[in-house]
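Provided herewith is a single structure, encoded as structure tokens, for subsequent inquiry.
All chains are identified by letter, namely A, B, C and D, in their written order; residue positions are counted from 1 within each chain.
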Amino acid sequence: METTMFDINQELREFEEEKFHDECGVVGVYAPGKKDIARSVYFGLHSLQHRGQESAGIAANYGGKIQYYKEMGLVQEIFNDEIIERLQGDIAIGHVRYSTAGESHAINAMPLVVYYKGGALALAHNGNLVNARILREEMQDNGVIFQTTIDSEVIAALIARHIKDHTIEEAITKTLEVVKGAYALVITCGDKLIGVRDPNGIRPLCIGKTPDGFVLSSESCIFPLLGAKLIRDVEAGEMVVIENHEIKSFPYAKKCSKASCAFEYVYFARPDSDIDGRNVYTARNLCGRILAKEHPVDADVVISVPDSGTVAAIGYAKESGIPYGEGFIKNRYVGRTFIQPDQRMRELSVRLKLNVLRENVEGKRIIMIDDSIVRGTTSVKIVKMLKDAGAKEVHVRVASPPVTDPCFFGIDTPNKNKLIAATHTIEEICEGMGADSLGYVSVEGMLEAIALGSDKICKACFTGDYPMELPEVSMKWEE
Amino acid sequence: METTMFDINQELREFEEEKFHDECGVVGVYAPGKKDIARSVYFGLHSLQHRGQESAGIAANYGGKIQYYKEMGLVQEIFNDEIIERLQGDIAIGHVRYSTAGESHAINAMPLVVYYKGGALALAHNGNLVNARILREEMQDNGVIFQTTIDSEVIAALIARHIKDHTIEEAITKTLEVVKGAYALVITCGDKLIGVRDPNGIRPLCIGKTPDGFVLSSESCIFPLLGAKLIRDVEAGEMVVIENHEIKSFPYAKKCSKASCAFEYVYFARPDSDIDGRNVYTARNLCGRILAKEHPVDADVVISVPDSGTVAAIGYAKESGIPYGEGFIKNRYVGRTFIQPDQRMRELSVRLKLNVLRENVEGKRIIMIDDSIVRGTTSVKIVKMLKDAGAKEVHVRVASPPVTDPCFFGIDTPNKNKLIAATHTIEEICEGMGADSLGYVSVEGMLEAIALGSDKICKACFTGDYPMELPEVSMKWEE
Amino acid sequence: METTMFDINQELREFEEEKFHDECGVVGVYAPGKKDIARSVYFGLHSLQHRGQESAGIAANYGGKIQYYKEMGLVQEIFNDEIIERLQGDIAIGHVRYSTAGESHAINAMPLVVYYKGGALALAHNGNLVNARILREEMQDNGVIFQTTIDSEVIAALIARHIKDHTIEEAITKTLEVVKGAYALVITCGDKLIGVRDPNGIRPLCIGKTPDGFVLSSESCIFPLLGAKLIRDVEAGEMVVIENHEIKSFPYAKKCSKASCAFEYVYFARPDSDIDGRNVYTARNLCGRILAKEHPVDADVVISVPDSGTVAAIGYAKESGIPYGEGFIKNRYVGRTFIQPDQRMRELSVRLKLNVLRENVEGKRIIMIDDSIVRGTTSVKIVKMLKDAGAKEVHVRVASPPVTDPCFFGIDTPNKNKLIAATHTIEEICEGMGADSLGYVSVEGMLEAIALGSDKICKACFTGDYPMELPEVSMKWEE
Amino acid sequence: METTMFDINQELREFEEEKFHDECGVVGVYAPGKKDIARSVYFGLHSLQHRGQESAGIAANYGGKIQYYKEMGLVQEIFNDEIIERLQGDIAIGHVRYSTAGESHAINAMPLVVYYKGGALALAHNGNLVNARILREEMQDNGVIFQTTIDSEVIAALIARHIKDHTIEEAITKTLEVVKGAYALVITCGDKLIGVRDPNGIRPLCIGKTPDGFVLSSESCIFPLLGAKLIRDVEAGEMVVIENHEIKSFPYAKKCSKASCAFEYVYFARPDSDIDGRNVYTARNLCGRILAKEHPVDADVVISVPDSGTVAAIGYAKESGIPYGEGFIKNRYVGRTFIQPDQRMRELSVRLKLNVLRENVEGKRIIMIDDSIVRGTTSVKIVKMLKDAGAKEVHVRVASPPVTDPCFFGIDTPNKNKLIAATHTIEEICEGMGADSLGYVSVEGMLEAIALGSDKICKACFTGDYPMELPEVSMKWEE
């Protein structure tokens, strides 16, 4: 029995794992003189919940004194009015985190708060370092201990090492000189709120203006809720320091080469966010249109795998002239279930989440738009559901290029050998999923949709062309 | 502070109240010899969760011995493997319930299990009686006591009164001779699973066949998950008795006049359900098309108030030739919040749930499709959000006729004076919500979309023309 | 693994089952014009928690309108300020319940609130009827349904049947004419608070006076906390009706024969309560002294099985001149554990709760006082612990007579064949538990300690001499 | 209203604060080849729960790989079978923690697990350093960061600093050369379980032998449950290293001067524990006898403030010949309450916990034994309760000397000015609490009872004569 039960939740997890997962969302709010600013961070995290549902935390800074609270769970479950009341501060930062099951531990939640000589700082990090292990070992050689397995602790330890002889800005700069990888950081310390983006600008971070201060956020979608207006993105290799009601810019990196993560546009970010000046909905929708041009096929209806494929599907439909329709109904109430099914129920994991809308499927030639295919395990089940429901043809179209390479910059990806497009040809994948045809948007097509310039986008997971050296990759393979 | 906090949850509740709410969903599973059939009921309820999120329960019948478990909360939260294990039975029924805050009490959860001379029965009820109070008082005159305020207890008490001298079928028939109102009942007793629909067939109930038995359900959308095939709906005024692996039909009512609830097609039911032979998606989509014909307007984009307006919006777009686009992003993680905002955040309740997708709105002439407008309070806020985001024009189109009269058949509606269309002209409503134009689908248009014949649909909430007398309405008004 | 886990909690339960369990405690508070009287009931229940830890509830009556809340769990866990606020009333009653696992269900919690023609009443009941099944079937014959398996529902149904033509006092009187068994009832209805004790006065119920009203309670120990003074006990066969700031007495029973439960003095009641004019501590302590006279033995130390044996042990020590000492340390933090031990731990259930205090035991001749022995399973383990710790001799003395017969008046007792003194001689029991000698206080000794007159005490569980006929006992044996 | 609510819990906290609180209990279990040893630690912590109820944690070491789980709450609430299953290891350590409200944070829970170059170690600490801040700042000067405010992190950081060039034994030794204060440490690392006690041996730590390994524990009371036999205590200034089934002893400290904490005997430790060869019950009981000799008074009964005064009260009674009796009944179900009382209830905090047993009090001359008096606030209320209940005389006797000085070695004590005996004469205290006489046992008397030799006991809180220099005390005063 236990085995069976395990299988179901395993299957539900597989369903989740069919998509990439971003590891974090960060927020910082600066409103000098307002002691209850943790509330704003709370609502900001609430709107960044899609970036991480595992744990969340808020650190509030009042005159350099930092109080924080972080726990496993959803933002709404973790905080209550009593906790928020305790988090007095006029600068506050917050974090939501997704992580793989193995590392799931309250101690790895963020923000990370550390005490150094004469002060404290709180740090929230979205991204992943590629030399964290090397740096960690160097510091351990000098007797530094670590209490977590997160990269952010390495960054904090380095800042603390430098801070006794330097300003916080210098200490951060010195730290970032040795740190390699992807990071969007929000830090508070003293009377400052600081935002940093790595020299490639891989992870997003933008700046909003409120009537009484500023907001930093992974995504601009939270700004309307907080009464903020998007000013601009933090630049690649830039540190912004907010103090005395001003933003000062420190372009700390000697060499910058913008490489904004393509997957933010493809899947992660909310469509109502603008990243590096490009609206996500527009990019995603255009990607669907380009996909229609690159892989046209005659059919009766364009459907999407809800919810993430819908924006591209609408674009595909518009371009192709084939009507958009809903092919699946999604059960909005599915969470982890503790009940095992009896043997009479099959393919439960998918059916719990999706049901075919027979009217749009039966006897129809279907174009099914998915935003991305990672392992391909779920696609097989979904195509089968459509065929079982009487679809005459199922043409799968994917609004991102084949995923062939793992990400080392903050996305939780499986090993290369689990990426179906790394080990199979498109024909094999098509046959494996039982589709009548399969088409992915080209890398060029996707770049055209994102429209930031092809050299300003990190497309490594589609090409293997990483924007920086990966000193620790060989180690990672060995694990 | 407390006041403010109350306001927010109040506002969130208003947001909820802007839609009608169905009061229940029912399931029954019959699989002789399978003792773990409660599992199937669990998964069935899981897929009927949209019909009621307040409480849920399952009663399992093994050889006439009934065990049950019911509690406040979502299906997933209430049950765990240990509880399901205890619910041994090869016949089992289940219930999900929505109710207004005032009546929210665990004791009102269903199924209702009662013990009569020589046995027990479990009963799950979707609907509302219109003479419950009268019947209740008659029985109280004879010394019967009641422990809940739900109509279902009246039905159960009447059945129990008759059962000592009659078969269960006769006892139910005698009960239904005096009971007036809307009801879809699922009952188990002895070795039988029984389904009943009122003489007007107002609330839905359909029958599915599994390899090892039968399923009764409010909606057919659960059948694929349970491995069942839809056979037919229970007829208006019909009782079906499932025993010995057979379905027997008892058309108990002397006079039937089909009046299937229009709002099931408009809003309640899942689009992947068929009710009385008509697929909900198809009806809802067609309603959007007819709306486009009845209230055309030149515009740049058709958007929906997510999620319930989407099917009609797609239909409107198709008919009008104006492209469908997403105008709002819905935050999927909103539940009850315990955190009060600071003063810097306004219109929080709506913004917590919806954010404008500026790209599809700014500078555009918008047609916004809503499935229904009840009080109109939320519409004002939503139209304002669109205008604030730069919409040039906002044309509101509603895929159901103006709601002018309360429902007495199982839908939780406000009093007539709270229904905006009962007290205002369409012009006034349009002006009040700040829209550039407003159009509702006509009653005839809606009926054409549902396509069951205009005399087979209950359209009382749009016309005040109730399918039966309402003996207790005057009492209700007095409260 | 599961088996093992079950075993531990099984063992812990056995540990619990070694003692009799009372089924309930009841409270009623009357304070006209004070709407927040539910608070007082809460604190009263809090101090009656020892009488039942399974479920608790409060019903508050304001002008005849009754609101209530009841749930599984401890009083402290169930209620919070928000719930108490909702329970507005100037008359309120409460209940704590213990029950066997099988019947453990929220729906069986009390108070029971029922709606009859023209009103509502709330009822809390401590005791057990001996003709409930017969009455239930008679009513079921007339079509009455029951929703619980508790006797109290039978009482409520009978009252409701009579109330339409009678005053509440008459309706209760008529009900009690047919009801047989043990009951202490607290009822509120209209503007009255009513207390009733059965014609034998088996279960306790006493009256306290507060500055602004009255309190009814199973035990007087709650009075100091509520600012009340004990006036007197409700008499056997008396109904007291509190209204208009007065207590009126209705001696409703034609024939009364006082038979106060001996076990209240032996084990159930808190030592700081007075029952029927006799202080429990005094009775319990004197019982220890008489035990010392009846079963003297030369020894080094008198110890008790904590906590319930302590009062008698102090008495035994005083009488015998042998010093009292603590032989065991009790772990105050033991609840249900979800962790199974590994095989290296034996006799875990007892050791989790008790540890030998070696200094008072090793090399010593011990007199160990237990308040009662029911099944004897735990005694074996405890004696063994003492011997293992080096006790030279262990003389077990029991401050109640041998329990030979089950109780049918509200105490949860095992069947007769599980009562060790019903099936074994004292010599056999002594040998079985590995003790050097065993002595029980005599029935006469116990009665002398209670000092109410030997004909005023129910001693059926020691003698089989029940104070009334038991019409349903044969049925009970058949189950 | 909120204010009132706060007051009650405030009062309940004051009740708690009337006693000193130990900050921790530690356990370590070593059983090579048994992977499920976390279970034993769980049950060990369960029996050390009296040493700390705020948080608890277990770290399990399997082949040098450490997994851990720690959280706020009681041992029983924190762990379930699933968590214990995950804590695979054949060496495991555990910790229970008490702390003042201000520092209450999950991140301060123990064991502390740190990652250094090439490995990990887990550490559990009972005690308090007196130079933690100085050490912390020295390390911070060198760029070390801290993530908690607990002393244990300083110890771990120092060990980690030394471990790269040294064995773990050397690294610990070097660390302890600079660390000053009180500490009982249990550490696991590699294949070793290590126990350390500070050069004064202030906090207890003892060694038990099981059939398949060893146990380290703050108190020996857990040994019977774990099937262990007490071998000996770890010596002051000794490190024991358990590996290869052997205990090796490293007397690491150059200068040792035993100063075992007197308060362990007075109040903290369970009476069934032996500390440094002296049984706690015996010492506590003898203390009562000596108290009787030092402060005799004629009276009718000796009572105790339950539960902690009972052992001494029994001793006092025996010595004086005045009978021991119970004067109070303690409500075993009191936890934090969320319900505020109405105004009619006064002195609720004390009455919720204790009720006078009038029979032993009324008209009697009482000797009331308390184990210790810290602030004196509760004593006032208790004496008043006795007088209100009719006590003719109340003679307070305290089984420890007047507490005049704060502890810096792991006991949570108020500042000196809150210690009533630091600011008032005994006459003033007696008058303040409304007692008829007041007597404390003398320091010599207490030492005689503990019987370890007066120079081997830390009696600083009674004399101000601290066993070591206190470099940080002046800082502490400034806070």
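Observations on the model:
By definition in this document, contacts are C-beta pairs under 8 Å (C-beta built on N, C-alpha and C of every residue); 3 or more make two chains touch, one makes a residue touch a chain.
By chain, with names taken from UniProt: A, B, C, D = Amidophosphoribosyltransferase.
All values reported here derive from a predicted model rather than from experimental measurement.
Among the remaining chains, not one touches chain C and also chain D. Counted as hops between touching chains, the shortest connection from chain A to chain C is 2. More than half of the contact pairs at C-D come back, by residue number, in A-B, the repeat among A-D, B-C or A-B. Computed from the mean C-alpha positions, the centre of chain B lies at a distance of 59 Å from the centre of chain D.
Separating the centre of chain B from that of chain C, both taken as means of CA atoms, is a distance of 47 Å.
Measuring from the averaged C-alpha position of chain A to that of chain B gives a distance of 36 Å. Touching two or more other chains at once is no residue of chain D.
Those residues of chain A that touch chain D in the shared complex are 71, 106-107, 112-118, 137, 140-147, 149, 156-157, 160-162, 164.
Within the complex formed with chain C, the chain D residues making contact are 5, 34, 36-37, 39-40, 42-43, 46-47, 49-50, 53, 74-76, 79-81, 84, 210-212, 221, 224-227, 270-272, 279, 281-282, 285, 307, 310-311, 314, 318, 323-326, 329, 331-342, 344-346, 348, 351-352, 355-360.
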